[in-house]
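Structures incoming, each one as structure tokens.
Two complexes are shown next, each including subunit A; its partner changes from subunit B in the first to subunit C in the second.
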Partner chain A sequence: MLLQLIISGILLGGVYALTSMGLSLVFGVSKIINFAHGDFVVIGMYSALSIYYVTGLGPYISWILVIPISFAIGWLAFQLIKKTIGGEEINQIFITIGLSMVIQNLLLMTFKSDYRTMKSSFSSSLEIGNIYISYESLLAFLIAVAVTIAFLWFLNRTDLGRAMRAVSQDKDAASLMGVKVELINVLAFGLGIAMAGLAGGLLLTMYAAYPTAGGVYNLLAWVIVVLGGLGQVEGALAAAFLIGICETLTGFYIGPDFRQVVYYLFFIAILIIRPQGLFSGIRMHKKVKHETTA
Partner chain B sequence: MKLLHNQLFRWAIFFIVLLGAGFFADNNYYLDILITIVFYACMASAWNIVGGYAGQVSVGHVAFLGLGAYTSTILFLKLGVSPIIGIPLGGVVAMALALGIGFLTIRLHGPFFTLSTIAIAEILLVLAIRFHGLTGGSEGLNIPYEPSVYNVVFKSYFVYYTLFVALMAAIVAVISYINTSRTGYYLRAIREDETASSSLGVDILQFKLRALLISAFFTGVGGALYAQYLLFIDPHTVFTVAFSTKVAALSIVGGIGTVIGPIVGSFILTPLEIFLRSQFGGTYQGLYLLIYGVIMLAVIVLIPKGIYGTFVDSKNRNRR
Partner chain C sequence: MLKIRDIQSGYGESKVLFDISMTIPEGSIVSLVGSNAAGKTTLINTISGLNRAWAGSIEFMGEDITLLSPAARVERGLVQTPEGRRLFPDLSVRENLLMGSYLKSVRGSREKNLKKAYELFPRLYERKDQQAGSLSGGEQQMCAIARSLMSCPKLLILDEPSLGLAPILISQVFEIIQDIQRENVTILLVEQNVQQALSLADKGYVLESGHITMEGTGEFLLHDDGLRRAYLGI
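What follows is the complex of A and B.
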């Protein structure tokens, strides 16, 4: 049973990794504190659901459509959020909270408050020994991993990716080197939201969608990003698997309602004891403080 | 001194008019609206102490509200302790929680403090559902309708209204006092420039913690009083993070960091909410929160200082 739970946790963690890498990218590049990130995950869920209702395509195919849809939504949202960049931090926090209220209640009005799931299109599941893995979660996991690898390659090996990293390190210096900071900001935001949306579509194979789920996924993404060390993409990856496993284990041994409580406690402890993250020696905490007060 | 006197006079008139409005409302429907407005004005003002003055944005303030409400209700239902003692005690318990979490998290920088407050509210929500024996679980707790002063249950809505107005007067008095006291100046200095004030010897954490404690106390008292008014509490009303965002939205729309801002916010948005809920609540669930969100976004983008803050700014500009 333990092995089964750990494997489910890893599958879940793969999808969580996508969510938190999107958040990490947005925070790293444009320094936007996005409290609506989870709501973009939920938008991804409902996009995948809508595609399923109209065309009957499952999330392991519709993700190809969910990515551009989420990117466009991210692009739009950025036009609003960018108005607070460089302004007071409290307004930055509240513009995304306001956005989150708008998204949640728009979803509530269009889709009602029901929990919605998708019928599985596979009748059997993969069986290794006495461990069962549903093909859908496995596929979702594989897609998530493939996109994650593609994203890391993009960030480290392409010019655009380098430009993003440059802006994240020092936007003035990057601007002097001819990087179009404004464009990079919006691209990074769109890309981050696209990854969140994709993660949402894939999550639909494991969890039900409901309009206010964004709150849970938002905190979840932040927990992972903080645990991994702010702006540390690889750290977030490891933290995502840790949280995935933690969630399935507590869900089974303590009770499904405690799934989040355990990692929330863990989160507060980390913030207090190791604000630089579990896996990092670099003190991003201080650096962030600098940049927002400057 | 003259200014203070003048201000005191103005506030006195404001509260007398407020009470008079309730007295002449003479109709439970209108009184209920007034009570809701004043209750949210209290909550927004209390939030403003830590969110507006100390600059620590909490979105988990509902934890203090819920704790206050559960403290007085459980003490009354299980031990028969009168809410006359239970309500202030609710504030004290909320303050104790604030001391505990504040001691640990107040040092966290901006968004991370915010995130930790959300996490704490979520944890309390789950615990309130889980400890069924004490809290009644998801079904919540009912306070029996037996009007008496000992039970703090009243037949007349006007008595509740008076209590809420009294609470608001107390909050306004405390904020006005803080404003003119040393603590107020320190808090303002901290909000303007944390590093500079710290280098001048201001103990930042201590003052932020003070603000959090005062804020939590009033939120807890307000929650306990609100439970007495509704005669019912359940985890999903008193521990939901959406409540905190709503309260914060009132302050932001009205103008954070001012005494009057949160009250202005509540007097504008709460009646709007009641109207939208009664008109469209059945057909368009969530419409009022959608409009709240849109108003909040508009205010942040167009007038970041809020309605009252912008009003004061333009008045000062004209004077010059």
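What follows is the complex of A and C.
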């Protein structure tokens, strides 16, 4: 049973990783403190649902559409938020919390407050020994892993990705190399939101969508990002798996209602003991490179 | 090559530069000297486009660039190596150099420039996969200069390249600057190290509290009594 739970946790963690890497990217590059990130996850969920209602396509196909939709929404949201870049952080927090409320209420108006799930298109699940894995979560996980690898490759191996990392470290120096910092900011934001939306679409294979779910995912994404070390994309990746496993274990052994309580307690403990984040200071780059080339 | 006329600039309400005019002839080394807080960095950041000019004009190779973005200026060959190196600390040495050839206009000559940079600075080749933040001060300065060379500069602005370096490294840096000039790169050198900066300069400017107070050949300025008293303590 323990193994079954850990595997479910890893599958969940793979999807969480997408959300939190997106948040980490936005924070690292544009220095935007985004408290509406989880609501973009939920927008991703409803995008996937809408595609399902109209075309009957499941999340493991519709993700290809969810990415550009979320990117476009991110691009629009950035136009609202960009004026606060470089200013008081409190303004960013207010504007993104405001944005979060607007999104939740727009979703309430459009989709009502019902919990919505998607019918599984597979009648059986994968059986290995006495471990059961639903094909849908497995597919969602594989897509999440593929996109994560592609994203890390983009960040580490392409000129644009390198420019994003450069801007996150010193934007003035980067603009002296001819980098258009404003363009990098909007691209990083759009990309971060696209990953959040994609994660939302994939989460539909495991959880129900409801308009105010954004609150849960907001905090979840921030917990993971802080655990991983602020702005460190690879740290967020590792922390996501930890939180995923933590969630399935407490869900089973203590009770589903305590899932969040346990990882927030864990979070508070980490903030007291190791406020720089669990993985900051550890060189993740090398490891990840091996994984991607293997 | 570069002509600036009556430039005014500053931060917020406070004006830092008052009607600055300078001319930098092609192929020369021009030194800009002055004490701390004279406005040197503000002036070159205005030339690079990081600061907005409040008034006046900047002309580069016959074109008015006063309103161009920093990126557009780099594209035209106006490149700055900022004060304090400003490397990307978590990027490797090689990645820092690659950032220097980020612009599409110079990406074509990336491999050639990379080879040249490693030939000029063999130390950087030895450390190419190391994080730039882990280099020594001297190596970081080499890396910063090499990164600027990756952008194919026509005019290279060096802001305090000798800052915080040991004397032996300082002479090395000044030798490298002359090597770069021999490759047909015009140089604007901003320095507090007045003696060395002026002795290799074709022309020098002295900036004091936002005003150009003296200009002339490096030789001429070095023998000026007022300047010697103020900056060299002689």
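Odds and ends about this structure:
Criterion: the second predicted complex is superposed on the first by the 281 of 294 C-alpha atoms of A that agree within 3 Å, B and C clash if a C-alpha of one lies under 4 Å from a C-alpha of the other, contacts with A are read in each partner's own complex, and residues count from 1 in each chain.
The rule we apply is simple: a residue touches a chain if its C-beta (ideal position, glycine included) is under 8 Å from a C-beta of that chain, and two chains touch if they have at least 3 such contacts.
Just so it is clear, the structure is predicted and the values come from calculations on it, not from any experiment.
Using the contact criterion defined above for the overlaid structures, shared-chain residue A:S175 touches subunit C, although it does not reach subunit B. Between subunit B and subunit C, more residues of subunit A are touched by B. Touch criterion met: A:K83 reaches subunit B, while subunit C stays clear of it.
Shared-chain residue A:R165: touches subunit C; no touch with subunit B. Legend: residue contacts after superposition of the two complexes on their common chain; A:V226 is shown touching subunit B, with no touch to subunit C. When the two complexes are overlaid on their common chain A, residue A:N130 makes contact with neither subunit B nor subunit C. Across the superposed pair, subunit B and subunit C touch subunit A at no common residue. The part of subunit B that touches subunit A in the complex is made up of residues 51, 55, 57, 59, 104-105, 108-112, 114-116, 118-120, 122-123, 126-127, 129-130, 193-195, 241-242, 245, 248-249, 252, 256, 284-287, 289-290, 292-294, 296-297, 300-301, 304. On subunit C, the positions that touch subunit A within their shared complex are 48, 50, 69-71, 74-75, 79-80, 82, 86-91, 95, 98-100, 102-103, 107, 147, 151. For subunit A in complex with subunit B, the touching residues are 33, 35, 80, 83-84, 87-91, 93-95, 97-102, 104-106, 108-109, 112-113, 211-212, 215, 219, 222-223, 226, 255, 257-258, 260-261, 264-265, 267-268, 271-272, 275, 285, 288-289, 292-293. Against subunit C, the residues of subunit A that register as touching in their complex are 159, 162-163, 165-166, 169-170, 172-180.
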